[in-house]
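One chain, chain A, links the two complexes that follow: it is found with chain B in the first and with chain C in the second.
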Partner chain A sequence: MKVTRRDLLVWSAGAAAGLLVTPVPWKLLDDTSIWSQNWPWIPQPARGPVEVKLSACTLCPNGCGMKVKMAAGWPVGVAGVRSHPVSKGALCPLGFGAHQLNWHPQRLRVARHGASPSTWNEARTAFVKACSEGPVVVIDGYPGRAASSLLQTFAQKHGGSYRAVLGSETRALASYETWSGVSASALGYDLENAQTIVSFGAPLLDGWGTPGRFTRLWAECAAGKTDPQLRLIQVESPLSRTAARAWQWVPVRAGTEAAVAAGVARVLLEERLVSARGPMPPLTLSEAAAQAGLPTDAIRELARTVVARTPTVAIANDDNPAIAALNVVLGSVGARAGIVRRSKRAEPYVSADAAIPNARTVLIDASVPWGFTPQTDAEVFRFAAWDGGSNRPDWLLPAPGFLEELTDVPTAPTSAVETYAVAPSLVKAQHEVQSAAQFLGSTDPTLSTAEKIIHSRCEDLFHGRAGTLLGQEETPLAKLASAQKLEEQLWKGAVWVGEEPHPASLRCELKEWPTAVPSAHAESWSTAWPAPVLPPLATKLYRESTLREAPEKRTA
Partner chain B sequence: MSARYGMVIDLDRCTGCGSCMMACAAENNVPSLPQATARTGLTPLLVRKVSNGMDGVARRETFIPIMCMHCEHDTPCVKVCPQQAVEVDKATGIVMQMPQRCLGCRYCMTACPYHARYFNWWDPSWPAGMEKSLNPGVASRMRGVVEKCNMCHARLHSVKEKAAAAGKREIDPADYIPACVESCPTGAIRFGNLADKNDPAAQDAHSPDAFRLLARIGTEPKVYYKSKEAWVRGLAESHSGPGPEINRAEVMGSEVQDG
Partner chain C sequence: MSRNTLVFGFGLAVALVAGWVAFPRLLYVQKQQPLEFRHKTHAEKSGVANCNECHAVREDGSFAGIPAMEKCAGCHSERIGESKAEATLVNNFIKPGHETPWLVYARQPANVWFSHAIHVKRAGMACTECHSTYGESDQLHTYQVNRISGYSRDIWGHSMSRLRRAPHEGMKMSDCEDCHRRHNVEVGCLGCHE
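Let's turn to the complex of A and B:
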């Protein structure tokens, strides 16, 4: 048979047409597609045994209960713990990306002296020399921990002082400390029993206090209800997230919250709407209204609403004595559903905001928010897990990152009950890191260790026989067999919860209406974030969506 | 018996915190790339802020999480996909996206009435070492494919494995919880089997306050929303409902510009 050119063409055309009705081209297309999805340079997750460990978030002093999903020994995801007595299963949005922070490009991997790399030995030698030449001031951003106790002891032993950088929620309790003599760190808000909450600009639904505590309470008692069991009144200039969700939003001129509080207090006292007694504000109602940009009737109406359903508590965004005085007038200080004393033990802290004179050395713990700069000429040794770039201290020393350090978790700043938990170290740091407490321990061998202090705190708790241990089940501490059992449970993620506060243990004497100028700090979830960097996934919130404005001076 | 997994999101409880977006991205190994913007980033779950269009004290705002609506009927993305890379799972009702089959033609993105699909513009990458933090249950996807919410299908797989290991044929519904539902601090998202009339989510979906976005086009989404406020319910059909005029573009996202 002779094959012609024409036969060849016909055969080729037939084969091409026939191929189209077979699965071959589609299968090839599919295989090419699959092949091209699996390039070797595409990162794939690590394989290994998966387990879930209970811990607590230690990135800020709220200590939210945290479930950490671990794979091949690395944290691969976090979630809240629903049974946690304070955080109630919630984390802040940034917490959900916290497990990626340890690999952030700005992770501090070596000690730095000025702009140059240095070593731990050089840092230690310089610190010991500086301490021998004059007083040392130690600054802590998360007081109450075992590590804080070490920092405090070191400062006292070396003739120095210990200072704390407190969050806006604790600063908002400063006036009660002045008037009652009880440390602000021992005070909290009994929100769960309140029926009306008047917030003067506090971002109650946007990162105030322990994120889950108020949001869960609000969701259960107020959200979407026209006549809610809990009335949230937001006095604030912009329509914030909290204002948008409040039962009532009272828009006022920015910075006039103190005047509104004075106006409300005046109406309450003049119209005898409250049984508690308090000093009459010097501001007249019309003056308060003019400052706030409201009609006088609006303030009068607000005052009546505030006491229409009691108990009521007022919450300030920061230290604002007029709002604290309003609580005194409302009878909400040392009362159920108001400001309560949760602990007998806590001692007052000296604020680090003031200037630090006559110090030779300042040591700053990694828990201090990166934005804080001490007012001092002393040589500054700063610990940080991430390098924020600006605010460069004399010495910048790499600290443990997320879940890389054993720490205990004392009571959250706004909580009405005492709690205690332990966050074990779940991850080994990939480079040489030291916490400030470990560093001080290496310069002074007589100092104890965080582990020993946690152990002794567990023994103290056990011998106190008060409160309950919330773990797999709820166990009254009095029924626990030994301090060792308590410690074991805490290491596994259980939380000790103290007894309900006795409101009457807090008394405030206020002779005249305070005239002190309120603090001008304004914090939100992003500005209060202590680390100089955000989790990379935070870009989903502010760059890959229009949900939030990008936080200033922060990098992801 | 086949399930019909769906969600009911109580918008009156949503504070727009964004925890669900973060938890979704972490669970599904969604990369965060420096070049990504609001137009080009991957956000399988995206929370949008919407308002009633008024000013001053009359202004009201709410937040609305938008994700794949898992349309049950005439699923638009399924109909247009030339690669059969999208299908409605008969056993669960979940609209599945198979990146291995996807050619990146983006017909599905055009067809989706909810703008809930995202194109993967770049190879996924993470800073050195950060790949260790990836969820081992979810493979990272290649550049050039379309992505969307799959109701954390990897979690369903692992729950099924757990049930099978225990010798059970059915999963415990309480075990299967998508990341967004788990992360919501106010419990605004209720997830469940809409085919089971005893399921709280199914009961919520029949509440008089419940609505679905663009219900009139008949795609039968399995994501419901709920609000007691009329202007919020009006978001469902934009200008057709009573109450103040709502900017539909605000809800569906065409206002998003390059950031």
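Let's turn to the complex of A and C:
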């Protein structure tokens, strides 16, 4: 039998039809898709025992509780800790991908002097020489840590100064510090007991303070309700995500929040809507309304709404004395559901200005955001885990990345209660890295170490016998057997929570309405947010969710 | 019957045989486990009554998986039998302190996170719901590795068509989804993929 070309074609057609009803095409498609995930150049986490360690996020001062999944000793996943007293199980997109950051292409791996690679010894020699020639200014972006204490001690010992770059949430409390003498770092917002919150541009539902705190509170008390138990009034120019989800949005002209606060305070005082006494703002209602671009009736109505359901607290996006004064008029300072003093221990920090005159050396800790650009002739030693790109310092020194360094986690800036946690070093750095505190310790052996300071802080906490330890279970500190036990638990991821604040321990006397203009720091939070680097997971979350819209899309 | 029909049918038959018989044999290659292990013997002779005596969920909620060498060394620090496997275990692994390089039937890609703790402790599922009566088996079944993906055949399941398979067969994402749908449990992407 002769096989013809037609036979071959027909046979092929039959074979093709037959293949379609076999697993071949579908299985090959499935297998090749899996095979493509495992190409040799795609990084894979090491195979090994998987365990979960409790820790705290150290990427910003909010110190959210974190569960870190470790495979063969390497972090491969991060999740929130639901029982955490402040973050309540939530993390920001950056925190969710924090374990990826240590492998980021912009990770700093070697010391750099100007544009050239250098060594730690050269950096140390240059730093010691510079310190011997003139004053040193040490700048910290996350004050209150054990490492901060070392930076502070070094500056004092060498006749220099220690300054802190404070976040907008802490700066918003600066006026209370001026009026009460209590450090802003000891103040917080008792949001959980508030019935009405008036936010003057603070992105409460979009990354303000500890990410999970207000969003969870909002979800529990207010989301989707027409007359919620908790009313959020957003006074802001653009229809931000917070404004869009708030109970009421009051669109005002950008930068006129102080005028609106003054107008509201005037109505409250004139119509005797509040029992607390406060100074009358010099601005008339019509002037305030004209500045804000609102009818006078709108401000009057806003004032009545603000006190319709009390207690009420006003929150500013940055240092704004008029909004702080509104809180004084509302009687919300040193009151339940208002601004409370959570700690008696905290000390005030000198805020770092960009202009640093009369310094020979400036040392910048890795916690200082890249947006902080010192204007100085001094020799700048900047520590950073990731290269932020612009404002090239004289010395750029690689700092430990995510969970590569032992650190303690003091209270989050907006928290109403004091907390303390420890984030142990879970990962060994792949390159020679040093934190600013370790670097200073290597130049001055008389300095203590972060570990010793954490140890002594644990002893102090234990001897205070106040508060509760939240770990696997809730244990009052008074029932703990020893300071060592407390320290052990903190190293395993437990969090110490202080006692509820006593509102009366904060008093603000205000004789006249503040005329100071809002802080020059004031900036749009939406443009200030971007981190120098983003992990792939955060980028994916950013792109694929509506967590944050691009700033240009968020104008009203 | 015309010649064309015959030729077409022949092509169809060759493809069917190749697809259903030859293809699986080509796709999967059999590998030997480093040791013979008998669950049944351990249950009967050593008094290991529960799976979690060896395959424990740790305090932090993570699953220990295959027990580490130190667990085996608890009983097998010296030879306690005459079998070849016993000699291999003690001489090649326990005494030098090497972990046994088991071929893991359930090994998943690195981007998959499965929590035994949630399924066993929160959902109250018995081990046998997914693992059948594997704990009573007298020998480990043959490990077949997929030449292309590099994973065990147990992930896809032994039936190439994936039809009429038992509930414990298959560990593909669709199997997870089917079970979650049956139990009306919703899990977002990040629940399993981190």
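Here are a few things to note about the model shown:
Going forward, the second predicted complex is superposed on the first by the 481 of 556 C-alpha atoms of A that agree within 3 Å, B and C clash if a C-alpha of one lies under 4 Å from a C-alpha of the other, contacts with A are read in each partner's own complex, and residues count from 1 in each chain.
Note that contacts are C-beta pairs under 8 Å (C-beta built on N, C-alpha and C of every residue); 3 or more make two chains touch, one makes a residue touch a chain.
Small disclaimer: the values here were computed from a predicted structure and weren't measured.
Residue contacts after overlaying the shared chain place A:Thr22 against chain C, while chain B stays out of touching range.
With both structures placed on the common chain, the touch criterion links A:Pro85 to neither chain B nor chain C.
Residue by residue along chain A, chain B and chain C are tallied for touches, and B comes out ahead.
Applying the stated contact rule after C-alpha superposition, one finds that A:Trp11 touches chain C and leaves chain B untouched. By the touch criterion defined above, A:Val52 reaches chain C but does not reach chain B. After overlaying the two complexes on the shared chain, residue contacts for A:Asn38 are found with chain B and with chain C alike. Once the two complexes are laid over each other on the shared chain, residue contacts for A:Val76 go to chain B and to chain C alike. In the superposition on chain A, the residues of chain A contacting both chain B and chain C are 30, 34, 37-38, 44-45, 50, 69, 71, 76-79, 96, 537.
Chain contact summary for the complex, chain A toward chain B: residues 29-30, 33-34, 36-39, 41-48, 50, 69, 71-72, 74-80, 88-94, 96-97, 99-100, 102-105, 205-207, 211-212, 215-216, 218-219, 223-226, 239, 241-242, 244-245, 249, 251, 430, 535-541, 543-548, 556.
Residues of chain A touching chain C in their complex: 6-7, 10-19, 21-24, 27-28, 30-32, 34-35, 37-38, 44-45, 49-54, 69, 71, 76-79, 96, 472, 537. Of all residues in chain C, only 3-4, 7-16, 18-20, 23-24, 27, 58-65, 68, 109-111, 113, 146, 148-151, 156, 160-161, 190, 194 touch chain A in the complex they form.
The residues of chain B lying in touch with chain A in their complex are 10, 12-13, 15-19, 21-23, 25-27, 29-30, 32, 36-38, 41-43, 46-49, 56-57, 59-63, 83, 99-103, 123-142, 144-145, 179, 182-183, 185-188, 227-228, 255-256, 259.
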